[in-house]
Every structure is written in C-alpha cells, then in structure tokens.
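Next come the structures, one after another.
In the two complexes that follow, chain A is the common piece, with chain B as its partner first and chain C second.
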Partner chain A sequence: MPKFKPGDRVRIRVGSPPGHFRTPTYIQGKIGTIWTLYGAFRNPESLAYGGDGLPAQFLYCVCFDQTQVWEKYAGSSQDKLLIDIYEHWLEPV
Partner chain B sequence: MPRVHDRGGWPEAGPINKAEHDYSLWEKRTDALLVLLTSPQKNVMRVDELRRAIESIEPEKYEKLSYYERWITAIEALMIEKGILTREEIDRRVEELSGRVD
Partner chain C sequence: MYQAKKEPGPPGSLSQGGGEIRGQVPQLEGYRSVSTRGEVSMYKEDHDHEAHASIQDEREFTYYAKRTEAIQSLLIEKGMITADEVRRAVEDMDSRTPALGARVVARAWVDPTFKARLLSDAKAAVAELGIDTSPLSVLVAVENTEKVHHMVVCTLCSCYPRSILGLPPDWYKSLNYRARAVVDPRGVLREFGLELDPEVEVRVLDSTADMRYLVIPARPPGTEGLSEEELAKLVTRDSMIGVAKARTPDKG
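Presenting the complex of A and B:
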C-alpha cells in the first residue's frame, strides 16, 4: 500500500548515496504536496547496477511552490514545480 | 556539493542554449545503438545503467563531452563492464574505421 495520497505534505529526504539516484540535490529537504501517485515501478537505484529493481517502489508526482525551491525566485509566486520522486525519498511532514 | 550531472541550481552553469540544431549521423547512430541494446529482444543493458555510467564519467571529462559523447562513452564502459567487448577490441575497430569518411 502506498504511504501517501494526493494532498499529503511531504519532505524530500536529504542524502547522497554513493550509487545512482534520481532525486536531484536542489529538491532535497524541501517540503511539497503529493500531486499524483503514478503506481509502483522497479527501483532505478538497483536497475542501474543490473539488479532486478525489486521490491518495486511507489512513484509520486510532488508539487512545490517555486518560491520555496529557489531562494531568489523571480517569477510569479503562483509558479509550481512538479517532480517525480520515489517513495523511499519521501518523509511525512 | 552535488555531483557533476546534478545540475539544477548551479548559478555558474550559465544560461541553457535553447537553439535548435540538427543531429549528426554518428549521434543518430548512437541513439539507435542504445534503442537496440535496451530493447526487450536484446536486453543487453538498461537505460538506468546508461544514466549510472554517464554519472560515473570523471567530472573534468564529463564537462568536455557533448550530450551524445557522454552516451557513447557510457555505452562503451558498460559493454566492457559486461564483458561483451574489450577496450582493445573497441580501440582496434576505431583505428580501422578512422580513415573512413561517411
């Protein structure tokens, strides 16, 4: 069962594991809102080394205010950033 | 400090070049090579492995390579890692073809 549902507030975990991961540094530690649950997909952190990627991880689209992501954001305060993040990179707020 | 491929928010990286450009033949061939190697029929490698191999390119070299140069560098590294080709075989073939003009 997925841990989160649309509307839940989440924080992106901070980390730089030695291998491959798909959570960019700029979004780590930021707080956003679950937008969509895409489903469960094989874990790229294992697939990147020839592994089977199992257990599959839930993948979400997470929504952020751009002004929260970029300290000196010059665009509209309404601007959003949508980014795909695997569940093991999310923690509840 | 983020690793070299993790570019988001690097102020010194400068603006993105948004100009359209044509792909050269070798770039199209590199793309086709990846499609072939990752196809379910061949299943030689995964795109996640390509990404990992690109991220493993030494940072100084990474900065000097173009987009598809990174791809072909990573594909070479993976073929060697998987024991499908050797460095010597690749270098010999490049040598053989180096006089040829497409």
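Presenting the complex of A and C:
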C-alpha cells in the first residue's frame, strides 16, 4: 500500500547513497505536497546496476511552491515545481 | 569487424550512439552544416564543387564514443545483438519526429473526448492514432491554458518523449537549460521569446523518473475553421516541450 495520498505534505530525504539515484540534490530537504500517485515502479537505484529493481517503489509527483524552494525566486508566488520522486525518498511532515 | 566511424553519443543510447556516418553524407547546396569539429560553415548556393576540400571524417573518437563502440562490438561478437538490430533501432528512432506529437495535439484540439482520454491515459490515447508507443514507459499529457503554463525539463539527464517527439534538441540536453529551467523558468521562457503574465501559473515538470511528459499547447485563436491537418502544422516541437506557444495561422 502506498504510504502517501494526494494532498499529504512530505519532506524529501537528504542523502547521496553511493551509485545511481534519481532524487535531485536541489530538492533534498524541501517540503512539498503529493500531487499524484503514479503507481509502483522498479527501483532505478537497483536497475542501474543490473538488478531487478525489486521491491518496486511507489512513485509520486510531488508539488513544491517555487518560492519555498528558491530564496530569491523571481517569478510569481503561485508558480510550481513538479518532480517525480520514489517513495523511499519521502518522509511524512 | 565493426569498421564504421560513428558519431559519438551518450552512453547507453543506441539511438544516438549509432548515428550517421559522417564523411559519407552528401552535402546539399545551401545547406548549413556543422562540421565534425563543431565549427559552422555555410555553403553558398552557387558554390563550385571543386572549390572546397573533400569532406573527410576528421573527428577523433571521444572517450564515450570509444566506449560505445567497444560495448557494441563485444555484444555483436558474443551474438547478443546484431549490427542489423542496431541499425534498425537507429532507423526507427530517426523516423520519429515532432509531427507525431503534433497529430496527437491536433486531435485533442478538435475532439474533447479524445483530449479527456489523452489527459487520463496518454499512452493509450496516442496508440489510438496508430502511433507505436511500445518504447514508452508512461506518458503523461498536461494541458496549457490561459491560466496555467507547463514546461518540461530533465535536470538529471535528458529524459524526453522520444517516441512521439523524436530526439531532443541540443539545448534541452544542455546544462544551462537543465539548471536554469527549474530556478528561473520565466527568465528562460523570456529568452525563448515567451513573456508570460504574472497571473499565469508556471509549472515546471522535472521528469526525473519513468514518466515522459507531453505538453498540449493551447489552441491559438482564429483557428476555428482549420482542418485537423492544418492545425497539426501549428503544433511545434517547442510548444510540446512548453517553451513556446503553438503558432498562429497568420503570424507563423
């Protein structure tokens, strides 16, 4: 079962595990809101090294307010950043 | 065994790693060509064929080109893939262009029920038009309106819906675009010639995972009488990445 549902607030974990991972460092530590649950997908951190990618990880589109991500964001306050993040990188807020 | 001199591409990318064979490509008159060393030369319309040196393959193999070549040679040698399979994969990739995406968008503009299906399950909707979607993992369509503007980037590499847009443009893969699209999207759009009102909500999609995003640009005003084919000509690659609007019939 997915841990999160649309509307839930989440913090992106901070970390640089050795090898391949697909959580951009610029978003680590930031708080966002679950926008969409896309389903379960094989874990790229395992797939990148010939692994089977299992157990599959739930993948979410997480929404961030740009003004919360960048201190000096030059756009409008309603601007958004939508990033696809695997569940093991998310922690509840 | 494998003698062809190939253009280097990013590792793991058959579609780019096995590019055309430079030096055997006939140069068209008046064709603006980027030479193998990167400088741009312009052939005059009336140039004399005797006037320039013969076209040669001057490129020195880069690290990644050598690595791609070595891995490909090994895989062929071990019988895991054939040279013809590589060629076919490159040929298939090169046959895919933004015209496919433009057909999808034009259909969405004229058929609201198709647009609804496209927004809920884009891959299935695209397949309805007879477009081969088998290389796609998951396709997500997002709609640009008067109030919301989406633009797509892959900050980690260059994820792109190649099956329906073809190969991504060079700028899409550049560090400059990838870094700045998320930090200053409005500034980047301005550089592309698109100034958005402050009231418009800008949504930047960073495609970091299995999703590939297709932007459905807003249908331009004054296109009510146009056929689906005519509409498709207004849908450009850049408008489907979200760095431009669709063309208008009068202005081009």
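As a convention for this text, the second predicted complex is superposed on the first by the 93 of 93 C-alpha atoms of A that agree within 3 Å, B and C clash if a C-alpha of one lies under 4 Å from a C-alpha of the other, contacts with A are read in each partner's own complex, and residues count from 1 in each chain.
Methods note: contacts are C-beta pairs under 8 Å (C-beta built on N, C-alpha and C of every residue); 3 or more make two chains touch, one makes a residue touch a chain.
For clarity, every value in this text was computed on a predicted model and none was experimentally measured.
In the superposition on chain A, no contact is made by A:Ile12 with either chain B or chain C. Of the two partner chains, both chain B and chain C are touched by A:Trp70. By the touch criterion defined above, A:Ile34 lies against neither chain B nor chain C after alignment on the C-alpha atoms of chain A. By the touch criterion stated above, A:Tyr26 is placed in contact with chain B and with chain C alike. In the superposed model, A:Tyr86 lies in contact with chain C only, and not with chain B.
In the superposed model, A:Gly50 makes contact with chain B only, not with chain C. Touched residues of chain A, counted separately for chain B and chain C, are more numerous for C. The intersection of chain A residues touching chain B with those touching chain C, taken from the two complexes, comprises 24, 26, 44, 70.
Here chain C touches chain A in the complex through residues 138, 155-156, 182-187, 198-211, going by the rule given at the top. Those residues of chain B that touch chain A in the complex are listed here as 2-3, 6, 8-9, 46, 48-49, 51-52, 55. Residues 16, 19-20, 24-27, 44, 47-50, 53, 70 of chain A are the ones that touch chain B when the two sit in their complex. Considering their complex, residues 22-24, 26, 38, 41, 44, 59, 61, 66, 70, 73-76, 78-86 of chain A touch chain C.
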